[in-house]
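Supplied in structure tokens, the structure appears directly below.
Lettered A, B, C and D in written order, each chain numbered from 1.
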Amino acid sequence: MTNIGIIGAGRIGKVHATSVQTKVPGAKVKAIADPFMNEETKEWAQGLGIEKAIKDYHEILEDPDIEAVLICSSTDTHSPISIEAIQAGKHVFCEKPIDHDVEKIKEVISTLEGKELKYQVGFNRRFDHNFAALEKAVRDGKVGTPEIVKITSRDPEPPSIDYVKVSGGMFMDMTIHDFDMARFLSGSDAEEVYVQSAVNVDPSIGEAGDVDTAIITIKMKNGVLVVIDNCRRAAYGYDQRAEVFGSDGVALIENDTANNVQIAGSEDVRSSKPLFFFLERYMDAYAEEVKQFIDAIHSGEDTPLGVKDGLEPVLMAMAAQKSNKEHRPVKIAEILADIEKD
Amino acid sequence: MTNIGIIGAGRIGKVHATSVQTKVPGAKVKAIADPFMNEETKEWAQGLGIEKAIKDYHEILEDPDIEAVLICSSTDTHSPISIEAIQAGKHVFCEKPIDHDVEKIKEVISTLEGKELKYQVGFNRRFDHNFAALEKAVRDGKVGTPEIVKITSRDPEPPSIDYVKVSGGMFMDMTIHDFDMARFLSGSDAEEVYVQSAVNVDPSIGEAGDVDTAIITIKMKNGVLVVIDNCRRAAYGYDQRAEVFGSDGVALIENDTANNVQIAGSEDVRSSKPLFFFLERYMDAYAEEVKQFIDAIHSGEDTPLGVKDGLEPVLMAMAAQKSNKEHRPVKIAEILADIEKD
Amino acid sequence: MTNIGIIGAGRIGKVHATSVQTKVPGAKVKAIADPFMNEETKEWAQGLGIEKAIKDYHEILEDPDIEAVLICSSTDTHSPISIEAIQAGKHVFCEKPIDHDVEKIKEVISTLEGKELKYQVGFNRRFDHNFAALEKAVRDGKVGTPEIVKITSRDPEPPSIDYVKVSGGMFMDMTIHDFDMARFLSGSDAEEVYVQSAVNVDPSIGEAGDVDTAIITIKMKNGVLVVIDNCRRAAYGYDQRAEVFGSDGVALIENDTANNVQIAGSEDVRSSKPLFFFLERYMDAYAEEVKQFIDAIHSGEDTPLGVKDGLEPVLMAMAAQKSNKEHRPVKIAEILADIEKD
Amino acid sequence: MTNIGIIGAGRIGKVHATSVQTKVPGAKVKAIADPFMNEETKEWAQGLGIEKAIKDYHEILEDPDIEAVLICSSTDTHSPISIEAIQAGKHVFCEKPIDHDVEKIKEVISTLEGKELKYQVGFNRRFDHNFAALEKAVRDGKVGTPEIVKITSRDPEPPSIDYVKVSGGMFMDMTIHDFDMARFLSGSDAEEVYVQSAVNVDPSIGEAGDVDTAIITIKMKNGVLVVIDNCRRAAYGYDQRAEVFGSDGVALIENDTANNVQIAGSEDVRSSKPLFFFLERYMDAYAEEVKQFIDAIHSGEDTPLGVKDGLEPVLMAMAAQKSNKEHRPVKIAEILADIEKD
């Protein structure tokens, strides 16, 4: 039985705690820490059989019974806590993104070096039943050599403008999942990114220096062309589709719905719109990613998404930001050179 | 080039004339006859390149250049004109049903005996792209041994009560197509029929001694169980679906629609309802059945639907009528014995 | 917090225990009893935070802290334990069927009389996301007045012949769920049942006096016609579809699949077959039915499925058995008269 | 009755001739001209009731009974014959593209000026049942304000390399239809085009200086972002889909198939791939565009696709060519300036 500590008891921390306690054999949450720990959360933790619900995550890092931590705290603490946890000898599962700052991700990488510890970054979408089956079909050669990947990713509604301002921008906050999908489905890293964008949803997003709508074209290193279309608002719900076209065919996935009732009447045929809420849509994926993290600890094999998989999408987001600003295609190599220079 | 005469210039006669002139290579309509032939129809015929548009179909039967006739006149004339046409040495394509009276169908059969003439009955649905592909899938073994056939057949709206009164009843007029489908999809003749019915659409249909809604269960001679559900009205259009379940799987067909637009909004996803009008739904099937009739004349092979295929559904309709009246399963053998007795 | 006792720690008992502990707020399992209780199950119970894992269910009935029991033991014990539990003052959730013997169900009914206790029978399908949404659409008038209900229910593979022999026969064991659906979707009790059946899957099922394939036509008291098609084997998985046709339209549900990947290649387009295993298909429904049972205890309102809802499908199964044997339609009234006579 | 002359008796000329004769009331083909006119084509014309099948199209232009011509000759003759026909006082339906050379299109425009003649360019896709219904949904406000248009357009197989060399390149030959769709579905002209391309299908296409795969991003003047993905080869057939996303929802269209049979077996569910051949896919659209051309002549209203609609997609193709060559976004204004300069 692997003892787990969870750092951060917000929405996603609670999701992971519930997953481990009810769906992940061979692991249990021993402690959960949050600076805003309150009575309600303590009771919830007790109800799930979690021994300790505390304020200070250092208690988790110091507990020799705890082998692994899930970092579910605010984004700006992901990389420093990652480093502390690694130094404390814990396996780490870290919510995405590791950091918006490439240098800090590199510190995590160098801290990990030479240690026999597992590190996994929380790009949950790879563990979704549809996306995972799509990638498997491609990997199994069902479409031949991949040539075009298309990803539709539209949020049901925009975040608050306060969040937008600290989010790192749409490419770093929202498209980052799609950048991960581009790598996952094409089987390659990116070479060049081009963005055509708009502010359609809310002018205050534009005033904050961000965009809310974009078409992103990416050339991957293996020659696959990827196109992502994003919007911060979709009237019909959370729109999460993808398609991989190759030399022998095409594989695609549609949205999930709450039920499959179809009603035909004198006007038309009506059916359910896509699920609205990302937690509803990806609940099983959140459980699956943690399960695979635990499996990697037990088997000694690599986690499915290592720290490099946390770095690459950040580079793609930076290239997208620069392309959007300068209105031209931008190579990842150029971003790396920019970083060197700084 | 096979010269065709068409007897009857009503809706279906015109459909067949247009098909032959524009879609059936190797045949052309030389003459069309209708007791109510008028100027408008004459002009229409001329526009299609039909030489003669006349009142008396005997001119067609007497024309030695005409090899084949399509009988599209009123139902009560189908069997007598069939007999005249056969005696005049013409190949015959006869709209369904040949007759409501089994004795008259048998007269057509005996008139045909010993003659080198083709006879085809117009069960158009066998030539529909969906039904034909479904039957082919079954025949090719895609579902293993067939065990259950399900046929949904609902008209968009009931005929006039005047028509209902002369129609021979729902089983003879509407279900007759489904009885043909039962034979087509099961690959067998019927052994026993059971009906559970209702009058839901219009009480005057009940007052006329007919029903407008029914579940019909049929045991075929090869053991396949068939269930047909009928209604004389469907708010959403012409509902024509089927399913064949077998030892290795199931094959099914859905309705056709005018287009495949899907619109997802804040309420639901909307798409087109099924096509409403039978001519719209089966236009290509009407052309295909005539094309295969002409092909049979040219090749010398049997037509895809001989005169026996016109008889069997009538026997099934009679069994359905008796089952409905006596509220018990009725065997086809019992119907045949009844006919013998009369 | 409502304390629950679970009687029976087999497959379904474990499913319900997990549901209560992780998905049903306001309730927790205090004890689980099973005559074959072993170390492995004890550990599993402990992991879920269940205090007591015991052999004798009487400990549960005698525990004043336990307000409600879930009866998940073998079918033959459902009615006697129901009676004991009611007499001990517990609310009862009882797995289907309450009993194959109508007299025993009536004993449960009379034991309940005058008591302020909740009783729910476990027809889980009513709580499935698709079936529940279909019924809601009908109840909300989306199809007008219901006229035809069609239910397809095919198991992926037949049970062992040993199970078949003690199962009460296909109608009592498998179709019983569909009889419940007939009542649920039509909004009425049954009046008359007609069966046309076959033995296609395994001759030894026939030798055991049972059937494995059937078309069942039911006339409901409100005039709705229901048709159920059953098979004990479907090569493509667990086939669970339904359709309600009414004066204003039709509503229907399809099967659920593991994912919605579509792969188009040079031959055809391929997608996932239906889920194979009933627990996978109905896992959420099992949680939802228990949740609603707990809700009824808390709110004081009726459970969604009372003891009468356990009785009616048994009467329908008996009518089906008699129809199948005597090859004629059989009224429920006739079954009730038979019972009176005995 | 409007007399039509058809110039060019190749594949598309024959399609239009058949459409007019059988599906367009109020018009008939009086003559068809082709420099390679032969006996076989003459017989075919006679069978359709076309009076004259000749070699020299000038006979058509000189025939005072002929009011309108359909120009179906080779691409390089489209603009000169358009001009001759306009000068001869004929209404003109011209197959796409009018010309690859903008100057020549402008000559057609200036020749038309001040004349009461109809001119229509043959972008057939606008008349397809799916694309037309999609555009209507958008125009009717079903998705609110359009923001993103996505067009998938993949040919089943590449043309011969000989054709590729004279085709004007993929953007001018194939994407030109998609550029028209971009304008049709967005309701706007284009402002800027960016291309990311590849040669995946056949290296000899690359050697000929062309590409066979591309992602094309377009910003329209009204702010709508359009993305087109093209490939000269799709193993599963002719892939023609589109999607319009807007402030209130999304509308999309799928491919058409030969039939809708679904076969579920022990492996998966199989259904028909998209139609393979463009004539099969768009046969009805070819008839509808000519019908609307004739309707415009009769009503005096504008044709649905005037000569400007022939010009704009050529400008977009030129911008795509330049973007592809210089690997940067290119504005239509820049292309117009280039033309001015020349």
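Keep this in mind: contacts are C-beta pairs under 8 Å (C-beta built on N, C-alpha and C of every residue); 3 or more make two chains touch, one makes a residue touch a chain.
Because the structure is predicted, anything quoted here is derived from the model rather than measured.
Novice: Farthest from chain C by Cα centre, which chain is it? Let me know.
Specialist: Result for the farthest chain: D.
Novice: Which chain pair shares more contacting C-beta pairs: A-B, or A-C?
Specialist: Of A-B and A-C, more C-beta pairs in contact link A-C.
Novice: What whole-Å value do you get for the distance between chain B and chain C if each is reduced to the mean of its CA atoms?
Specialist: Their C-alpha centroids are separated by 42 Å.
Novice: Between chain A and chain B, what is the gap in Å from one C-alpha centre to the other?
Specialist: 58
Novice: With chain centres defined as C-alpha means, what is the inter-centre distance between chain A and chain C in Å?
Specialist: Spacing between the chain centres: roughly 40 Å.
Novice: If a residue has to touch 2 or more other chains to count, which residues of chain A qualify?
Specialist: Chain A, residues with two or more chain partners: 235-236, 248-250, 264-266, 272.
Novice: State the interface residues of chain C toward chain B in the complex, per the touch definition above.
Specialist: Those residues of chain C that touch chain B are 144-145, 147-148, 150, 152, 154, 194, 196-198, 200, 213-215, 217, 219, 223, 225, 227, 229, 231, 233-236, 239, 245, 247-250, 327-329.
Novice: Could you please specify the touching residues of chain C with respect to chain D in the complex?
Specialist: Going through chain C, the ones touching chain D are 235-237, 264-274.
Novice: Where on chain B does chain D make contact in their complex?
Specialist: 18, 21-22, 49, 129-130, 132-134, 137, 142-143, 248-254, 256, 258-266, 272
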